[in-house]
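Heads up, the next two complexes both have chain A, just with different partners, chain B and then chain C.
On to the complex of A and B.
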C-alpha cells in the first residue's frame, strides 16, 4: 500500500510537468488549430537558460527562473508573430511544416548555445520528508506545489478574466468572438506568451528533477500531445486530468512492472482509453 | 446613421453583391428581404468587417468604417446577432452575456446582465448552464441578449427566425418589436418576409446581389410582386 502511494506521489510530480506542457499545447491548438511541435524544445530552452543563469552567471535560482519566464513570454510572442502568423490563412499543412522546421531550429540553437552534455539545474533543496512512510524529497514537493499553483492560476485566468474569456470565446467560435469585439490578432500573441511561459516552468522542473539533454524536449512534446488526445483536444480540464493519468500510470508501471517498458504501458493505457472514449476523457463527443 | 454606398462584395473572383446603396436612420428599423443567396448576409458581413468589401463605402455616423477590422466596428457601435445564433456552446449563459459586453469598459455591465435576465427570464433560470445545452429558441434569445449587452448604436439581426418553430418565431418577432420600442436602431435580415415587413419601418428587396425595390414596410407588403414571390399571396 505504501509502495503504491509512493509511486502515485512520484507520478503526480512528473504528471504535473506533463500538465504544464499540455496546457500550452491545448490552448494553442484550441485557438489556432496548430500542432505546435516546437513547444517541447522551447520549454527545454527555458530550462537550459535557467541552468546557464544559475551555474554560469551565479544568479539565485528564483531570479533565474523569473528571467527565464519573462524570456519565455517574449519568445512565445515572437514565435506566433514571426513563424505562425504568416501562414495563418494558408493551408493547415503549412503551419505543420513551420512547426517541424521550428522544432529543428530550436533544437539546433539549444545544441549550439548549451552543448550536448546533459545538464541538471542545481538547487539546494536537499531535504527529504517522510509522511507516513511515503518519501517526499523537498524538490519534488515544490514541483508539485508549483505545478498546482500554475494550473490554478491558469484556470482562474481563463475563467475569471476578460482576456481569458476572450481566449475561450475565440476557441469556441472565432467569428462570434469577432462580433463581440475581440481582437483576434492580439489573442494569439497572449496565448503563445502564456503557453511558452508555462512550458518554461515545465523545462525548469524537468531540469531540476531529472536532467535536460538534446532530444528531451521532443520526447516531452510527444507526451504532451498524448495527454492532449487522452484528455480531449483543446480542453483545459482534459489536459490536467490527462497529464496526471499519464504521469501516475507511468510511475506505477515503472514501479511495479518494468521501468524500461513504462512508456509502452502508458501508451497502452492511452490507447485503451481512446477505444472506450474516442473523444478523450474530458472531450465533448 | 449607417450609410452604405455602391458596396460590392466578392468571394475570390465571384462577385455576389453588385454595388448596393442603402441607409439606416437613427431609431429606424430597416429590413433587408429577398431569397436565399440574394446577397443580404454578405452585405451584413461586409458591414461588420467579417469579409472585405471589394469597393464602395460604409460609414457609421459619418465615420468611414469600410474594411475596418471586426473588433473596431464593434467599438464604433455596430453589433450583429449572427445567423444560426453562434452562442459559445461550452460557456455558461452568464459567460456568454458577459462576452457580449467585451468591448465595454464601464461599470454597469452587471446591472445590464440583470436587465437582460428580466427581459428574458429563461436566461436567469439557465444562467449557469452551458449555452450549447439550450433549445434553439432559448439560444436565439441568448444571442439577442448577448448582442444587446454591447449597448450597440446599431443592432443587426441576421436571420433571427431561421430554423425555429413557428411559436418561437412569433416570440422572436415580438422581441425585436420590443427592442425597436426601446428606441434601438435595427437592421434586420429575414427570409421570413412577412414578419420582416411587418416589423420594419422601411425595407429593401434584394434580388441576385442588387436592390430591386425599396419602400416602407407597408408599401412593400402591398406591392404585387413582393406579395406574389415572397409573401405567398
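On to the complex of A and C.
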C-alpha cells in the first residue's frame, strides 16, 4: 500500500509539470486553433534563463523565476505578434509550418545562448518529509504546491475575470465575441503571454527537479499534446485531469510493470481512453 | 681574417641548417581524426576524450613532433561529433577517411557508435584506436587494425561482484542502462561472482540515457529492501539515481559503474547526497590515485580547458602516445598495416596516464586489447577517493577473450 501511495506521490509531481505544459497548449489551441510545438522549447528557455540568473548572476531563486516569468510574458506576446498573427487568416498549414520553424529556431537559440550541457537549477530545498512511510522531498512538495496554485490562479482568471470571459467568448464563437465588442487582436496576445508564462514555470520545475538539456523541450511538448488529447482539446479541466493521469500512470507503470516501457504503457492507456471516449476525458462530445 | 670568415660561415651554415630544419619540419603535417560524442548525452565522455587527444597532440608537437625516418611530423587533429550515434559515427569516419584522407582515427567513447565503425574498419586503409567504449565484442572480432585502451566492462564487473560480495551483501538491486550491451555484461559478470558467494540480484530496473526521474524504479527497489544498490549507466542519470535514492530515504550502500568526475556529479547531486557512494571501475584518473603523469595530465587539462578532466578521458590521451610510438616504431605514416602491427608489439609508452597491465610485455594483447587495474573508489567529502585495488588478472582475461568468437 505504501508503495502505491509513494508511486502516486511520485506521479503527481511530474503530472503537475505535464499539467502546466498542457494548460499553455490547450489555451492556445482552444482560442487560436494553433498546435504551438515551440511551447516546450520556450519552456526550456525559461528554465535556462532561471539557471543563468541564479548560477551566473547570483540572483536569488525567486527573483530569477520572476524575471524569467516576465521575460516569458514578453516572449509569448512577441511570438504571437511576429510569428502567428501574420498567418492567422491563412490556411492552417501555414501556422503549422510556422510552429515547426519556431521550434527549431528556439531550440537553436537555446543552444547558442546556453550551450549543449545539461543544467540543473540549484535550490536549497533539500529536506525530506516522511508521512506515514511515504517520503516527500521538499522540492517535489513545492513543485506540487506551485502547480496547484498556478492551476487555481489560471482557473480563477479564466472563470472570474473580464479578460477570462473574453478569452472564453473568443474560444466559443469568435464572430459573436467581435459583435459583443471583444478586442480579438488583444486576446491572442494575452493568451500567448499566459501560455508562455505557464511554460516558463514548467521549465523551472523540470530544471530544478530533473534537468534542462537540448531535446528535453521536444519530449515535454509531446507529453503536453498527449495530455491535451487525453483530457479533451481546449479543456482546462481536461488538461489538469489528463496531466495527472499521465504522470501517475507513468509512475505506476514504471513501478509495477516495467520501467523500460513506462512511456509506452502511458500512451497505451491514453489510446485506450480515447477508444472509449474519443473526445477525451473532459472534452465535449 | 680567414679564421673569422670561417667561423662566421660555419655559424651561418649551422643557423641555416637549424632554420631550414624547422621550416622542413613545419611543412610535414600528419592529420589524425577523432570521432566522438561532442554533443548530446554522451558528451560527458566524448568531449573530454576529444580534448585529451588535442592536448596530447599539442604536447607531442611542442616536443618536436613524430620522427619518421628523416622526417618530423606535426599532428593536426580533425574532430567530428558522432553524438554516440552509430549512423553519425559511420558518417564521421567515412568523412575522415574519404574526404580528409585521415589514416589514424581516435576517440570512440561509446559502444554503439564504436561497434558500427568497427564493423567496417577492417576493410579500410586506416587504424582505429578505441577509448572509453567498453562493449566486449569490440575486441573479440580479431580486427587487426583496431586497438582499445579501455578494458571490457565484464573484466571490471567480475571484480566488482567479488568486492560487493566481500562486503557481505547478499541481496543487491540493480538499476541501470541495461539496454546498453556493455552495462548489461558488467552486471552479468557481477552477478556470477555475487552468486558464487551466495548472494543474488533481486531486481533489475532500467533507465534510459534521457531519463531523469528515477523515483518509480527506486520506490520499487525500496520495497524490496535490498542490502545494497548497484547503479550502472551514464553519469547524468546515475547522478539522479544517487540523489533521488537519498530523497526517498533509501539508506543502503550504493555501488556504481559510471566513471564520472566530481564536477559532473555535483551538477546534479550535492556532495552530501553523494557521500559514501562507491564507483567500481578501471583504475582511472583521480587526483588522489594518479601517478606523476596523472597529476601532470590533470593540471595541464584543467589549465587548458578550465575544467577538470573526466576520469575516463586519459584513455584517449594514451591512444595518442601509443599511436606516436607505433608510427615511430613502424617508420611510416602511410603503411597502416605496419603501424597496426607495431601497436600490437608496443610496450606501454612512458607518457601514458592510466596504469596499464601489460600482457606478455605489450600494452595491447593479441586481440588489440589493453588492460588497466580495477579499483574501488568512494565519494568522501566531495572527492572520489581511491580505496583499494580490485582483482585484475589481465593475462587470464586476455586468454578468455581469445576464446570468444
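Convention: the second predicted complex is superposed on the first by the 285 of 285 C-alpha atoms of A that agree within 3 Å, B and C clash if a C-alpha of one lies under 4 Å from a C-alpha of the other, contacts with A are read in each partner's own complex, and residues count from 1 in each chain.
Definition applied: a contact is a pair of C-beta atoms (placed from the backbone, for glycine too) under 8 Å apart; a residue touches a chain by one contact, two chains touch by 3 or more.
Since the model is a prediction, treat every value here as computed from it, not as a measurement.
Colleague: After lining up the shared chain so the two structures overlap, which partner does A:91 touch, if you call chain B first and chain C second: first, second, both or neither?
Modeller: Touch status of A:91: no partner.
Colleague: Figure out whether A:184 sits in contact with chain B (first) or chain C (second), or with both, or with neither.
Modeller: first
Colleague: Looking at the overlay, what does A:162 touch: chain B (first), chain C (second), both, or neither?
Modeller: So A:162 only meets chain B here.
Colleague: Just chain B (first), just chain C (second), both, or neither: which does A:116 touch?
Modeller: second
Colleague: Figure out whether A:172 sits in contact with chain B (first) or chain C (second), or with both, or with neither.
Modeller: first
Colleague: With both structures superposed, pick whichever of chain B and chain C touches the larger number of chain A residues.
Modeller: On the superposition, C touches more of the residues of chain A.
Colleague: By the touch definition above, which chain A residues appear in both interfaces, chain B in one complex and chain C in the other?
Modeller: none
Colleague: How about chain A: which of its residues touch chain C in the complex?
Modeller: That would be residues 2-3, 6-7, 10-11, 14, 116-120, 126, 128, 130, 135, 137, 140, 209-211, 213-216, 219, 250-256, 258-260, 262 of chain A.
Colleague: What part of chain B is in contact with chain A in the complex they form?
Modeller: Within the complex, chain B contacts chain A at residues 48-50, 69-71, 74-75, 79-80, 82, 86-91, 95, 98-100, 102-103, 146-147, 150.
Colleague: Could you list, by residue number, the parts of chain C that touch chain A in their complex?
Modeller: 39-41, 43, 178-179, 205-208, 210, 212-213, 215-217, 219-220, 222-223, 236, 240, 246-249, 267-268, 270, 272-273
Colleague: For chain A, which residues count as touching chain B in their complex?
Modeller: 162, 165-166, 168-169, 172-173, 175-185, 284
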